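Each structure below is given as structure tokens.
You will see two complexes here that share chain A, one where it goes with chain B and one where it goes with chain C.
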Partner chain A sequence: MTALKKYPVLAALVLGALFMVLPFVVVLMNAVKSPEEYSSDGPLSLPDSVYLDGLADFWERVDFGEKLWNSVLISGSVAVLAVVLSVFSAYAIGIGRIKGRPWVLAFFVLANMLPQETLVYPIYYLSKEAGLYDTRLSVIIVFTVIQSAFGTYLLSSVLSGFPREIIEAARIDGATKWQVLWRVVVPVSRPTIGVLMVLFFIWTWNEFLLPLVMLVSDDVQTVSVALGVLQGQRDMDATMTNAAALLGVLPAIAFFLLFQRTLTRGIAVGAVK
Partner chain B sequence: MLKARRRARLLAAALAGILSMSTLAACGDDAGDKESGKTLRLWHYEAPESAMGKAWNEAIAEFKKTHPDVKVEFEAKGFEQIQKTAPQVLNSDKAPDLLEYNKGNATTGQLSKQGLLTDLTDEAKKRGWDKTVPPTVAITSRYDKGVMGKGAWYGVPNYAEYTMVYYNKDLFTEHKVDVPTTVDELEDALATFKDAGLTPFANGGAEYIAQQYVYQLALSQADRSWVDDFQMKGKTDFSDAAWTYAAETFADWVDKGYIAKSSSGLKAEDAGVSFMQGKHPMFFSGSWWFGRFAEEVKSFDWDTFMWPGSKLTLGSGGNLWVVPEGAKNKELAYDFIDITMKKQAQNTLGNAGGVPVAADSSAITDERAKKLIEQFDTLAGNDGLAFYPDWPANGFYDSLASEVQKLITQSAGPGDVLKSLQSEYDENVLKE
Partner chain C sequence: MTGLATKAPAGADGGPTPSRRRRAGAGRSRTDGSYALYLLPGALAFLVVIVVPFVMNTGISFTEWSGVGTPEFTGLDNYEKLIGDEDFWESFRHSLAMVVAMALVPTALGLVLASALFDVVAKHAGSRWASALRACFYLPQVLPIAVAGIVWSWILAPENGSLNDLLGAVGLDSLQQDWLGDPDWALYSVMAVMVWVQIGFPLVIFMSGLQRLDPALHEAAELDGAGWWRRFWHVTLPQLRPEIAVVLLWCTIAALKVFGMVYVLTGGGPGGSTNVPSYFAYQNFFENFQAGYGAAVSTVLTILIMVLALVALRLQTRAEDEAG
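Then we have the complex of A and B:
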């Protein structure tokens, strides 16, 4: 490839990267700015000195360690449980080829597109009846189901292209359906499953509305709900909000960096096929 | 491969274990909560360093002193969270004993109608809250079938709010402008600043700031019965003298550059920050900015004055203490409200830059804060609080914002704007 062709692409990518990074830079800049400086110089000036009280105050005010633990617990449980559920149903749909497969899949896609606002009241009443209102378990159950709707859809299409020869070979060797699933299908689809798990974790981490409605008490709330505490009726504490946003987004970024390999591998696997 | 699988299994087992443990723990917590008379569960959404936050923190300490064997469980909530989830929470057994809630027909009014709030009329009489709270402020405490104004007490306000002009003293001295006491003097001041290359008013067209300028202009030409018609009776004529004056003057000021055309998309926060940066000599808005300005404006001296030539201004009682019908410790909740209504908590609120409903203004040490409270006392005495322009109709906040925006961008004339406001108002106005 000639340099003439390469540089415009490179320039476009750099520009795109700048646009993606800019919001983070602004958040970072204001997170370490004192409120007085923010008021006199505005949001776009560079901070004169690093002011960490905003971060520390916010951590203390909402007991951030506890919120972090709640978020990890909920997102982690959802990621694991939703993947297990997706694998089961996708095995039935993609490999087992149950009757009315397209309809089942269409149903899952539709369910996936349902706006969460419509779910608020039914879920509220159901969980109140079941005695699960204001517990982390209720949110875990709800998001396990919501995420596995997408997971089932995605895994089913991946598994329907699964080489039948491998399954038939395993069956001839005397493997049961259960063994085929755990010894053959799951290990071969590991990259896709890994991607799903990472996505489920990050998506659940970022959820706001349902946790806001379902998690009332402070000791069960998640990070994203805790960020809302700073939004007053008419006033907002801009520097502390930035500090909070930084704290809220850091774990998700760390998680992404940690599992970056899994993500790219999963995408690459899809590309070869 | 085998190793990896074992690790995955271990992880799954560990997660499952944690999960069941946390669920069990959550169940365990419940049993403790239900003990009555021993804990006060209290929610509010004011920032800890705000005037209300400070006063209420002190009230909690005072409450602990007078009730040594009672545990106070305070949880700081976000405004949005209470706004979105209050009906659901109050309808469950997770309701707190006492919470701060937004006043108005759509919030406290709605909940009182659904039977989710305790009728506080008897307590208000017994403990004298009905005497401490001035009648204009009490309008937002009383609801009849969900409509405010009269009827039973469902909430008790600790503070009030009203609007005024914040001005930059340094800029006033620099350009030799005196504090205007009449509309003509105000216009002269605006012209002087404009000639000096400054945009006199800070404004934010995307949120409540701009519509409050317009409503204040209308109020300067109106009287109490006009306000009652607009706010309570559901009838107003947008082609009358007051509204016409308001829309035309506002449009004229935009035209002359007293209000920036570029402010149509700005938010309230932007307007406030631009005043704090010293970019504008004046900013018309509510007492809710007072504490923040006092705390954060360091580069110039500032003060406040009431809108010249107007007996009425925007304002009302503040947010309310409400007691859920399902509260388990109502008596403790009443005791706490009573402490917040006492002079001590009220004076703390005043000294921290809030507008207390029942402070002793001689006990307020800060000069500016003292003036803030005296101005309010005059207003309350003259029945001068005219509420907010978006109150009378559903979704009227957005209608006002978008119509006033047209005046700022000059995409529609005052006549057209008033006409659309009339039809929006008539269609959505709340009637008993």
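Then we have the complex of A and C:
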């Protein structure tokens, strides 16, 4: 190391990393602090004892279990359905090499980048006409399609490099296209499909604008929407805010620890591919 | 581009050996349907969920409509109104601020952080340290925006907020602000939060980009006596150019779409000082019941993003051509 000393750099990086996670630490500290202690000692003191009533109160007040279930149901369904839809389209584009392939692919990429603001009002209007407004199903349908735009793009480019000998061998043995898809292409592409499922799950979990517009009833709202609406109304006290923040952060940290490798790899593949 | 489309039939017909060509004959493929059938579900779904709403939205932008009853066709009136609407221009100026906070600053910081993590930490303190530190920087990226917003609005609160308390505790009372409630400060506060949210994305991309680089170049430069900074500037940066272009464009598009953080932190206020185009469109749709005007705002935003997306696509295809 000539120009750059390792310890100062390491120290600066650790300091930066601490700054990044500091908000989470402060939230954790205050979520387990009693309101009396908060008002007397402020937000920066360490809690004297672990006070869980605030968390329990908040959980019951917003029926957090129900919100979690809605988020899991919506994100899980989207992850599976969007992957199936992506696999079908990518099979036609990447393996089938249908006519006009670059144009079809460009269409999916542009659809993926389209801002949701431009779709939200017609979707809101059409779903009311179709009787799907304020249902979890409407959000599942919309995000299945939106996420599969990215999935189709990524899978198509992966599948176009698929060894053709394998497919031809299977075809010679008399396999139909349907059988080749499920018995050859899908098993071999399992790593990419896994990455896509994780990405779709987390992206859908974090979505805000469309669920905010579509899910107005309390009993169908996701974690993100319920917390966002509560904050938007600005009638939460400090203890409640921290309870809300902690309960919102925990699932995200759980996914992060579970899927960290997949996530960082997937993001890199998605952006540079 | 058309080269790709014609490649497939050429490969199938003019295969390497005549026997192979006969065996992979075209007769059988007709019995179990064409590949294009597999595109059908996707095409139908996209028609209903993306194409139809997009066309409708563009149509609505030429009308005056409250959302109920029959829209009244008014031609380009909404667009004329936009040009003279100071709120509209202000929201787009705030978009520029978001581009600084979400694209320029995170890219610059991400480059320095990534190469410091890669060069110093991974080599001298072990790759475990490097990935642990990377994880800390990446964490805000997986957080729902609404939740990140709750965390920060409480930290930045004027009364009993952590930031003001911290400033008070170290004797800097004079620096205490109503971070989100003061029109002079609100935009900067939102920008600072967005840097915190965004920084992990460029970092991860650049770190994976650095792994692709040839270490021999770095070693050669080091032998020639180039310091860290010169190697960073003359060796690392030019080689990372494709990643930098992609990150800048993706982050710029993300910056133009910002909605959730503004909704949760400030609601566009105080006095419109943090309003952004997508929130401005949302207000027109769902608060002012001016669907036509909201549609015009979102159409302008869409055109801007589509132009950037096309540039991004071209850059990526060119990078792929160079690589392959």
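By our rule, the second predicted complex is superposed on the first by the 209 of 273 C-alpha atoms of A that agree within 3 Å, B and C clash if a C-alpha of one lies under 4 Å from a C-alpha of the other, contacts with A are read in each partner's own complex, and residues count from 1 in each chain.
The rule we apply is simple: contacts are C-beta pairs under 8 Å (C-beta built on N, C-alpha and C of every residue); 3 or more make two chains touch, one makes a residue touch a chain.
All values reported here derive from a predicted model rather than from experimental measurement.
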Which superposed partner A:Asn242 touches (first chain B, second chain C, both, neither): second
Touched partner set for A:Val213, first chain B, second chain C, both or neither: both
Touching partner for A:Asp134 - first (chain B), second (chain C), both, neither: first
Which superposed partner A:Met20 touches (first chain B, second chain C, both, neither): second
Chain B versus chain C as contact partner of A:Val225, first or second or both or neither: both
Touched partner set for A:Val142, first chain B, second chain C, both or neither: second
Contacts of A:Glu36 with chain B and chain C, given as first, second, both or neither: first
Which of chain B and chain C A:Val9 touches, first, second, both or neither: second
Which superposed partner A:Pro122 touches (first chain B, second chain C, both, neither): second
Superposed model, chain A: greater residue contact from chain B or chain C: C
Chain A residues contacted in one complex by chain B, in the other by chain C: 38-39, 42-43, 124, 212-213, 225, 228, 231-232, 238
Contact footprint of chain A on chain B as seen in their complex: 1, 11-12, 15, 18-19, 22-23, 26, 29, 45-48, 50, 75-81, 84-85, 88-89, 92, 94, 102, 208, 268-269, 273, 276-278, 286, 288-289, 292, 295-299, 319
Partner chain A, residues of chain C touching it in the complex: 1-2, 4-5, 7-8, 11, 20, 23-24, 28-29, 31-39, 41-43, 45-46, 48-50, 52-54, 56-57, 60, 67, 113, 116-117, 119-121, 124-125, 129, 133-140, 142-147, 149-155, 160-162, 165-166, 169, 196, 199, 201, 204-205, 208-209, 222, 225, 227-230, 242-243, 246-247, 250, 253, 256-257, 259-260, 263-264, 267, 277-278, 281-282, 285-286, 291, 294-295, 297-299, 301-302, 305-306, 309-310, 312-313
Interfacial residue positions of chain A with respect to chain B in the complex: 35-36, 38-43, 61-62, 73, 76-77, 80, 124, 128, 133-137, 140, 187, 212-213, 216-220, 225, 228-238
Touch list for chain A against partner chain C, complex: 1-4, 6, 9-10, 12-14, 16-18, 20-21, 23-24, 26-27, 38-39, 42-44, 85-86, 88-89, 91-93, 95-102, 104, 106-111, 113-126, 141-142, 144-146, 148-149, 152, 164, 168, 171-172, 176-178, 181, 202, 205-206, 208-209, 212-213, 223-225, 227-228, 231-232, 238, 241-242, 244-245, 248-249, 252-253, 255-256, 260, 263-265, 267-268, 271-272
